[in-house]
Amino acid sequence: METLHFKFGAGERPLTGAAQMVGVVGSGNLEVLIEAAPLGGACEIDVHTAAVGFGAIWGAVMEDFHARWRLADARISINDNGATPAVVSLRLDQAVESLLGPATGGTP
Amino acid sequence: MDWQTLATQLFPGGHAIVERDNFLSGSAQVDGATVDVIGTSGHVPIGIEIALAQATAILETVQAHPGRPILILVDTQGQRLRHRDEMLGINSYMAHLGKCVDLARRQGHTVIGLVYDQALSGGFITSGLIASACYALPQATIRVMGLPAMARITKVPEERLTELAQDNPVFAPGPENYLRMGGLHGIWERDLAQELVRALADCPHEDRRMALGQERGGRLLAQPVAAAVRTGSDVRPA
Amino acid sequence: MTAEGRWTIQQDNRRARLERASNALGGALKGKLVEASHIVELLHAVLEPGDRVCLEGNNQKQADFLGKALTRVDTARVHDLHMLLSVLSLPEHLDVFEKGIASKLDFSFSGPQAGRLAKLAGAGRLNIGAIHTYLELFARYFIDLTPRVALIAAEMADREGNLYTGPNTEDTPAIAEATAFKSGIVIAQVNQIVDKLPRVDIPGDWVGYVVQSPTPYYIEPLFTRDPAQISEIQVLMAMMAIKGIYAEYQIERLNHGIGFDTAAIELLLPTYAAGLGLKGKIARHWALNPHPALIPAIEAGFVESVHSFGSELGMENYIRARPDVFFVGPDGSMRSNRAFSQAAGHYACDMFIGSTLQIDLQGNSSTATLGRIAGFGGAPNMGADARGRRHPSAAWLKAGQQAREGRNTIPRGQKLVVQMVETFREHMAPAFVERLDAWQLAEQTGMAIPPVMIYGDDVTHILTEEGIANLLLCRSDEEREQAIRGVAGYTPVGMARDKRMVENLRERGIIRRAEDLGIDKRMATRDLLAAKNMKGLVRASGGLYDPPKRFRNW
Amino acid sequence: MSSYLELTARQRIPAMFDAGSFEEFLPPSKRIASPHLAQLDAPVSYDDGVVVGRGLLGGHIVFGAAQEGAFMGGAVGEVHGAKLVGMLRRAIDEGAHAVLLLLESGGVRLHEANAGLIAVSEVMRAMLDVRAAGIPVVAVVGGANGCFGGMGIAARCANTVIMSEEGRLAMSGPEVIETANGVEEFDSRDRALVWRTTGGKHRYLLGDCQLLVADDTAAFRAAALEAIAALGAGAVGLTLEGLLAEQAMLARRLHDAEGVSEPMEIWRRLGVPDPARVPMLEADAFLTLAAQHRAGLPSDAAHTGEQ
């Protein structure tokens, strides 16, 4: 297992509402827990992954995710069982949409 | 231990237990009172017939001898692994046995389990583990499956499992670990007849195994989690 | 040697072999019918050391009884055979090398035996002549690899040796013709011997001997994909394929490689593609095995015709009931033919789309992995521009025009060859690499060239979940490389992209993302699949499709 | 029609309960995961593979749980089991109208085997406590991973079992039996045989499942409402009469299946005409056919669990 931590500042979209979880920690899949948290405008992401040694890829996926949504005061926690970046991005978007509704003008 | 030796030690006042196709049934004298005994011998796998036979014996006691204590003697290598058993719904036969034990308890019978040789996975779950209290002899084998098979299925190297099993009751076979986790109420080290008398007298009616597991340090999270769910509070670890 | 004998050496030798067999078998030979218990004696009689022997191993049906019999011959009498196999998939196909019965191999595809084949080749137990595509190997049967003896499989024979292959004709005509007309000997194993065949697939005078196999020939359902296993990412890619390629080029004639990616496309035709108004405009004529996943599209009226390389288990009754779509004989069962269908896929289709394991920066794609010699099968025949093609079609012309635009060349069409991959396979193995594993495999096993499935200069589009790279529009090697990097996602190859250049390619429409195609990614759910599981396929077929038991959950 | 099988546990809850009514106990934001998986290098889940809570079903307060089959096969570990037990005890405390268990489980989680084994027996006892308190327990089995091992037993401790044809209810998985006793004993790759042996239709014909529905969330919800309404009218705790009736049914099943090794032969002996057709029948047509032939019919006793 490997634990990764990402923090992005300068978010614009604060989260509201109760915590949501999407996805399942099945093979090649992940769960994403997303919740509002007072983080001084930051978005913090914790990743616990079964696939060791892919930190750089996670970093790139998360940067693109942040560029897409620019969340503020958001805490995201991920339990991953070897999901590909495509699945990770999909679940992240689903998690945000479960709180914010579909993206409006936030596409890359 | 074979069941005859066991019975001699358990019932100095005498017993009338008979064995037929590894199915044990009959009655015995304990401290001047009659106890009904059911069980299995010879590590027999629990198939649909023997599960049904045990259930039938329990309902006979419930009907013929209201309130009479029941002792379940456990020695099984687990559920029988045959297509026919699955086809006919072995889970229903097992559940039926468990429900008969539960009914007996609710109708005032003290039901105690004793693992005197082997207790493996599915064969144990609706016998000893569904009784009001379960005990074991120190040399008994209790487990879900062996570490080699567990390694194969979990894909964790066997060496690693063996290493973890040293001090983690959650993987390691053996009655000591089940005791620490609350799955067993006690291990009978000395005079079996006396232990049985005491156990029948002290039999709990509520399922307190999670609390026992927490007190004994072998299962630390179950009780706090169940309590948190039940009371709508947060988990307070031990 | 007599004057006539000088030109009839092969015929004379054939006659001698037949005579040996007739002497050896005695009463066990009745006309052309040989008793199964005497099969090894027959092989001893008709085989000579060093013979080229074609053993029919197809994608589907297998001459497994004859293959096993061959492993039982006495090496003192039969050795150093040169085996010809289009598909080498059963253990006995390699046992003959291990036992010293055969020493040389020419083949096309090895599937499940790929690992063992690599080991045997590495240990010098067999000498691989070459790894071919199907059509290429069949072609050589008629040029320089003509079999002396062919061991083939059929469903039924009559007493004259006429054969009925049923829906799985596959390679049989090519093998039998090459052997029979060059003084070779054809031996057929059949499941049944009958008085009257439903139809004749191979004329009896091409066939030397017939043996009724004690058990029916082995057959593998190779083209069945359970829709339950199609992921939402695969649905998204299928949407991109349909909107970005099928609709864009109006592709009417095509071949699909096998896999969940293409199964997703097949299952999206009656839903997503129909919604785009594409019915009757795309995917009308197919060179394709009877994929069960195509049933909903057929039922929806998308598909006008399908010619098949082989059949697929469980599809027999469905095919029989849809003779307007499939090629069926007067008896009602399908007639497949791998050689013709390969030729059709090569010359008469406007597009091939299929999956692969690795793609390099030139767009070369390979399914080779270390320690396995898997071969090619038929994909390279479909996945190559047909340089000999002369007839036009809208798709072919448009592809050619895109490839040649702005260059001083004469107008000409081009086939669309699409490679469809997720950027990562399972266990985070990247599909895009700087260097194909094929290079290392070639070094390890002494191949003259790395085993490339589809050459980069034939690939016109690469489709991933990140987008479609249209390589036809690239005007330099550098653009081509960046176009590939630009759809390679978060693989090291993808992350090493020149972001500015990739953006420029996107502006020029060389790279197109889902959103550039007007595809809402949130629409990409399994709800778009016309059938979500095997039972859905059965329902779509009106109960005619009867899936093999391993694919059921009922 | 919207597939129940394809949904995750978390998606099944709103599909079964009244819209927006479900309140989860110990939700993922509490991050209570298995303490045992990390040392085996296995990923955890913040719900440990089960959602438990309380919601409304047809306007009544119903407690519920949904096991996630994709996380460790839905297997029961220490936390997973304790969440189920806590929910069941709370259902008694709060006098629930019913308990609805959406089961999908391989049984005991081997990564924490001893804790899982004990936990499954605790779940069974807690279910029977709920019933003894006069609260009906309904189990639903319709996930891709089926309901096996100890949870296969637990399912039959409910008053009513609802299944789809795709659901499987058994004890040992076919792979386990094949490994132990060979492919001749049970060919696990013969999925048609696996479903004939353990699938919803067979269980319905045998009388181990009381309601069979198509794989459709609306059908499952309707069946749950129907089952709870039917149970609400009578006693739901164990009774001697009920268990004697069940014993008679199980004894008769053993007797009637003497020498039989093929499930289709059992159907034939039950009087089902053309048993080979059964697997292909849609749920409605099957129910019409089965109505006259299934064992453990309402004529023997009420159509609840062990009766």
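As written, the chain order gives the labels A, B, C and D, with residue 1 at the start of each chain.
Going forward, a residue touches a chain if its C-beta (ideal position, glycine included) is under 8 Å from a C-beta of that chain, and two chains touch if they have at least 3 such contacts.
In this text the structure is predicted, and so the values were computed from the model without any measurement.
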Subunit B to subunit C, fewest steps along touching chains: 2
Identity of the most central chain, Cα criterion: D
Chain whose Cα centroid lies at the greatest distance from that of subunit C: B
Chain pair showing more contacts of the two, B-D and A-D: B-D
Distance from the mean Cα position of subunit D to that of subunit B, given in whole angstrom: 24
Separation of mean Cα positions, subunit D and subunit A [Å, integer]: 34
Between subunit A and subunit B, centroid-to-centroid distance (C-alpha), Å: 46
Subunit A and subunit C: spacing of chain centres that average the CA atoms, whole Å: 42
Touching two or more other chains - residues of subunit D: 41-42
Touching two or more other chains - residue numbers and ranges from subunit C: none
Graph class of chain-chain contacts, one of line, ring, star, complete, other: other
Chains touching one another, given as label pairs in label order: A-C, A-D, B-D, C-D
In the complex with subunit B, residue positions of subunit D that touch it: 25-26, 30, 32, 35-36, 39-42, 52, 78-79, 81-83, 85-87, 89-90, 93, 107-108, 110-122, 124-126, 128-129, 132, 149-150, 152-157, 169-172, 174, 176-177, 180-181, 185-186, 197-198, 202-203, 206, 208, 237-240, 243-244, 246-247, 250-251, 253-254, 257, 261, 263, 266, 306
Complex contacts: residues of subunit C adjacent to subunit A: 231-233, 422-424, 426-428, 465-466, 489-490, 495, 515, 521-522
Complex interface listing, subunit A residues touching subunit D: 1, 19, 21-27, 29, 31, 33, 35, 48-50, 77, 79-81
Contact set on subunit D toward subunit A in their complex: 8-10, 27-29, 31, 33, 38, 41-47, 68, 70-71
Subunit C to subunit D touching residues, read off their complex: 228, 526, 532, 538, 543, 549-554
